[in-house]
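Each of the next two complexes has chain A plus one other chain: chain B in the first, chain C in the second.
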Partner chain A sequence: MSGFGKPLKIALGLLVIAGLIVVPMNFNRYGLFILSQWAVMTIAAMGLNLTLGYAGQVSLAQGAFVGIGAYAAAIMTTHGWPLPAAILVAIVLSFAVGWVLGYPALRVQHHYLAFVTLAFSTLAFLVFRNESWLTGGIYGISNIPRPHFFGIPTNKPLPFYYVCLGSLAIVSLAVWWLIRSPWGRAFMALRENPLRAQSLGIDTRRYTLMAFAIGSALGGVAGALYAPLTQYIDPVPFNLSLSLDLLMMVIVGGAGFYFGPFLGAMIAVLLPEWLRFTEGYYLMLYAVAVMLLLIWSPTGILGILDRYLAARRTKAASALRAVAKSRLEAAQ
Partner chain B sequence: MSGLFDLLVAGLATGAIYALVAVGFTLLWQTSQTINFAQGEFVMLPAFLMLAAMHAGAPFWLAIVLGMLLSMILLGLAFKMLLVDPMMRHGVLPLAIATMALAIGIKEAVKQFFSAEASPFPSIVPTGDISILGHAVSLQSIGVLVVAILAVLGLTTLLNRTSLGHQMQAAAQNPTVARIIGVPVERMILLTFLINAFLVALASLLITPIYLAKFSSGEVLGQAAFIAAIVGGFNQVRGAIAGGLLIGVLDNLAAAYVSTQYRAAVPLIFLIAVILFRPQGLLGRAEERTV
Partner chain C sequence: MSAVLEVTDIRKRFGGISAVDGVSFDVREGEILGLIGPNGCGKSTLFNCILGQLTPSGGEVKLDGKVVTGLRPAELNKLGVSRTFQLLQVFPKLSVRENLILAGQEHQGNMASRLVGRSDAGLTEAANQMIGFFKLDHLANEPAGGLSYGQQKLLDAAMAFMGGPRLVLLDEPAGGVNPSMLTDLKERLVAINREKNATFVVIEHNMEFVMSLCTRVMVMAEGKVLAMGRPDEVRKNPAVIEAYLGH
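Right, the complex of A and B next:
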């Protein structure tokens, strides 16, 4: 993204943030719900992007962590605990389970890892569905309260949208910091060449587990926001297709790009809504759009931009070279 | 003990269908590194193609032939040329994601153009029971087992006994060398896609009379085939067959003896154990690591 000037980039970023704050003010209830859902899914996809895009560990279990977070928040807040406490518990719980799930990653890689996480995802769904004493089983948990912040109730859609947006901002800053820290560099070393990373003294074991645990913890955060957003949860939204959807978001947006999950979640959450005028066809069109995009650019949307900018830089560089060469020849 | 015997026969019958689907799955993986997340939907679709042909007035046998041919064109030829070919060189993951999108597309298309309700499907085997060793066994289970075993035997004969089969194996194991010694690798890969399409269409024909034709029935099937393929050995045809039978039996026994709520968990836990302790699968050979 270094093709743009820095002031331009900052201005663009501020414009988008201002837009996200101001524009939804006169949205209706449904529009705000969709936009809040986008913010929540972006958080989950950012977690997966850390695990997959930066550390290179395929996970098909992110949906299960969203489920763990959602159930933790639902159970705690319906028992009178405040939401921030529930989010904290969701983080700790998802982090711990994610850490344990990372152990297979130490033994097996790539598609085998995908299968282990896939199995975990389905197992988690079975637990959500069958342990009715805890999760309410197929009847789920209803009347999940929305929190009060600084005495302001967030029962209405707009205040709660700001809660989601604020959480997204905090998570975005944390991830931005993380990928620029030595940890982030270690993750990328792990993705590019684990053997060399190890020979450079990076504890690949610890960082693999870390990549899983941190990514999963963000899934937990997303879940803990999802529960009060919908105010009712049952096991169905947290089945395997959520994990597959989240994976699709990361790849479609551009795995390993910081802004990839934002775009990917936008396409997965908003595009079907925009296509709703086509009635029964919208999911079909969505599927076709995803396939066409991946055929055109397997590295996702940001991959297109990245290639375009790289091509422009090469062009500019060769133009400079041509000028320098002709100057040299003229001087001789 | 008659309960156990019945469970075993029923389990073997479902397992044989899983095996057909799992074999196709491993064939695609071996020749083109395609992890087909739409494999379950591939099994769901042919039944609807056959139903559509019957609604158009074709007799059952003609509907089967038409359904098989259409499946091979759509799920074999078109799938390879339109989706796999353009994406193959970009690695495993983008293609796997594209097949997930394809799964959604097929499901939604069937729901939209056909029906969201489950439709009954005629059986190619007459219903009823026969008596074996004093046990009443449904003819359907026997029929499914016989057809599936014949298909698998035919396939293994093709792969191991004919020149064509040897060429396919060469193309799968080492495409570069295969090309040098004159194997038409591209054509062999296309052939595996056609075989996969044939196998899923056959599985569709066998399983749909039991579970009805429904747009969402691919999810469970796809996952079962997936587990069967990995448990048996992702890179071995005979592994996939063993895995399919094993998962079918395990699933039925778990439903009877563990709990109906957690029956689906038993194959999954088994899968995790296999991956952790024998990642190449029960019958597979270890894949060489590239790094």
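Right, the complex of A and C next:
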């Protein structure tokens, strides 16, 4: 996404960050809940964007990893463990499960892989619902405490929003680092041409498993924040429709674009709220808007911007060539 | 001269068809071996068996005297065996420079250092040199998918050299490349062969290209070795003339 000057980009970034910190100070309880939910869903969608958008591995199980993280955090914090420890366990647990779920991807790809992950999603849901001794079954887990950070309680919506926002910032930096590292390049190689990648010494097996494991671990982080955000969890929010929602966030925002999940989660979380005034029609309008967007730009919102910038570059390049050519002709 | 690659009685069957039917040869250190033969004679299948992209039905491949039959392509590449492809195989969305960095990065450090270390794995300089060497300077930041066919062929070859390989198997490097670029490509290959002491095996249909580039030529027909020798010997071999001009 070159085309903007670097200082302009940095200024824009700082402005957005400052806005995210300052503006919500006046928000009511509900507004802060929605915004916190946006931060949490962005983290989960960034994980899926890594697996799907960068490494090209289709997954319909990201919602299940949010569930794994949420249950890990809920069970641990209701038993007196601090949230950071719970987040760590959520990361390790969903990383390990994600690694194992990556094995089918070594054999099957695309829609076959989608079906395997879909089956896993259903399996996870059944575990959340039926293993009552651990998860509370259909009654779920209530009274999930919110943590104290540096002696400051985060029971109120605003402090906890900052916990979510801070976590999003940390995850964003980590993902930014990851995709710019040789690992990120190897993930893109998996997506673009695994055969060629192998012949260049890229261990496609290991990177495929890593793409699944890291993407899933971010789902776990999101879940571990979701539990104290809602302070009550049951199996329903973590069924297949959450996985589909997260998939939609990634696709709508722009799969394989760094900022895709931010935009996608914003649309998925905020648009239904903005459309609330239409009362019964909002889901329909929302669905139509998404369909129209994907017909117009299958690569998502950032795909539109990318195409525009590419077209501008091509135009600039051909203008330069035209000038050079006319000079050359004039000189002859 | 010692043998870099020794291939003994390699066979590959697809159902009832023997694509490669007991091929044995060796490749000497520093040579450029040409591999020619009519379409469908098993050249590419032989390459894929040597490189671990296909599992041979029988036979043995040795690299520097060590058996490497059945190793995965990535493992072979780490041992210094590299390749180019008959059909274009670049990473279209990555820039030319990123393609080259990607081609070399797995030869730098280990998994952990590639995660926490520099984002270019310290290869920007090497990539720029390779870009200069293949005269792709003005395209360094362009997505590889936007290059012309011939330029992508050059990039494909350049990528094969990024890991500093000992042995490079090139599958039709000249296919679809225009004549002026072909001379360039040949010059580059000869230069790398001499300077870096890299050994090449080249599959090619362009006879002039093969005969002028290679030190030895192996001719295949119907999955078997038909002839092996210096280019001028092979050119006069009656069996080779029959295979190409017969029917």
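Following the convention adopted for this analysis, the second predicted complex is superposed on the first by the 332 of 332 C-alpha atoms of A that agree within 3 Å, B and C clash if a C-alpha of one lies under 4 Å from a C-alpha of the other, contacts with A are read in each partner's own complex, and residues count from 1 in each chain.
The rule is simple: a residue touches a chain if its C-beta (ideal position, glycine included) is under 8 Å from a C-beta of that chain, and two chains touch if they have at least 3 such contacts.
No experiment lies behind these values; they were computed from the predicted model shown.
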Open item on the list: I'd like to know which partner A:Leu195 touches here: chain B for first, chain C for second, both or neither.
Closed with: both
Open item on the list: One more residue to check, A:Thr204. First (chain B), second (chain C), both or neither?
Closed with: second
TODO: Could you tell me if A:Leu20 is touching chain B, chain C, both of them or neither one (first, second, both, neither)?
DONE: neither
TODO: Mind working out whether A:Trp183 is in touch with chain B, chain C, both or neither, as first, second, both or neither?
DONE: second
Open item on the list: Once chain A of both complexes is superposed, is A:Leu270 in touch with chain B (first), chain C (second), both, or neither?
Closed with: neither
Open item on the list: With both complexes overlaid on chain A, does A:Ile34 touch chain B (first), chain C (second), both or neither?
Closed with: neither
Task: chain A residues touched by each partner, larger count belonging to chain B or chain C - done: B
Open item on the list: Taking the stated contact definition, name every residue in chain A that is touched by chain B in one complex and by chain C in the other, in rising order.
Closed with: 193, 195
Open item on the list: Considering only the defined contacts, which chain A positions touch chain B in the complex?
Closed with: 58, 104, 107-108, 110-112, 114-116, 118-120, 122-123, 126, 129-130, 193-195, 240, 244, 247-248, 251-252, 255, 280-281, 283-284, 286-288, 290-291, 294-295, 298-299
TODO: Sort out for me which residues of chain A touch chain C in the complex.
DONE: 178, 180-183, 185-186, 188-189, 192-193, 195-204, 206
- [ ] Would you pull the chain C residues touching chain A in the complex into a rising list?
- [x] 51, 53, 72-74, 77-78, 82-83, 85, 89-94, 98, 101-103, 105-108, 111, 114-117, 119, 121, 159, 162-163
TODO: Enumerate the contact residues on chain B facing chain A in the complex.
DONE: 35, 37, 83, 86-87, 90-98, 100-102, 104-105, 108-109, 111-112, 219, 223, 226-227, 230, 234, 261-262, 264-265, 268-269, 271-272, 275-276, 279, 291
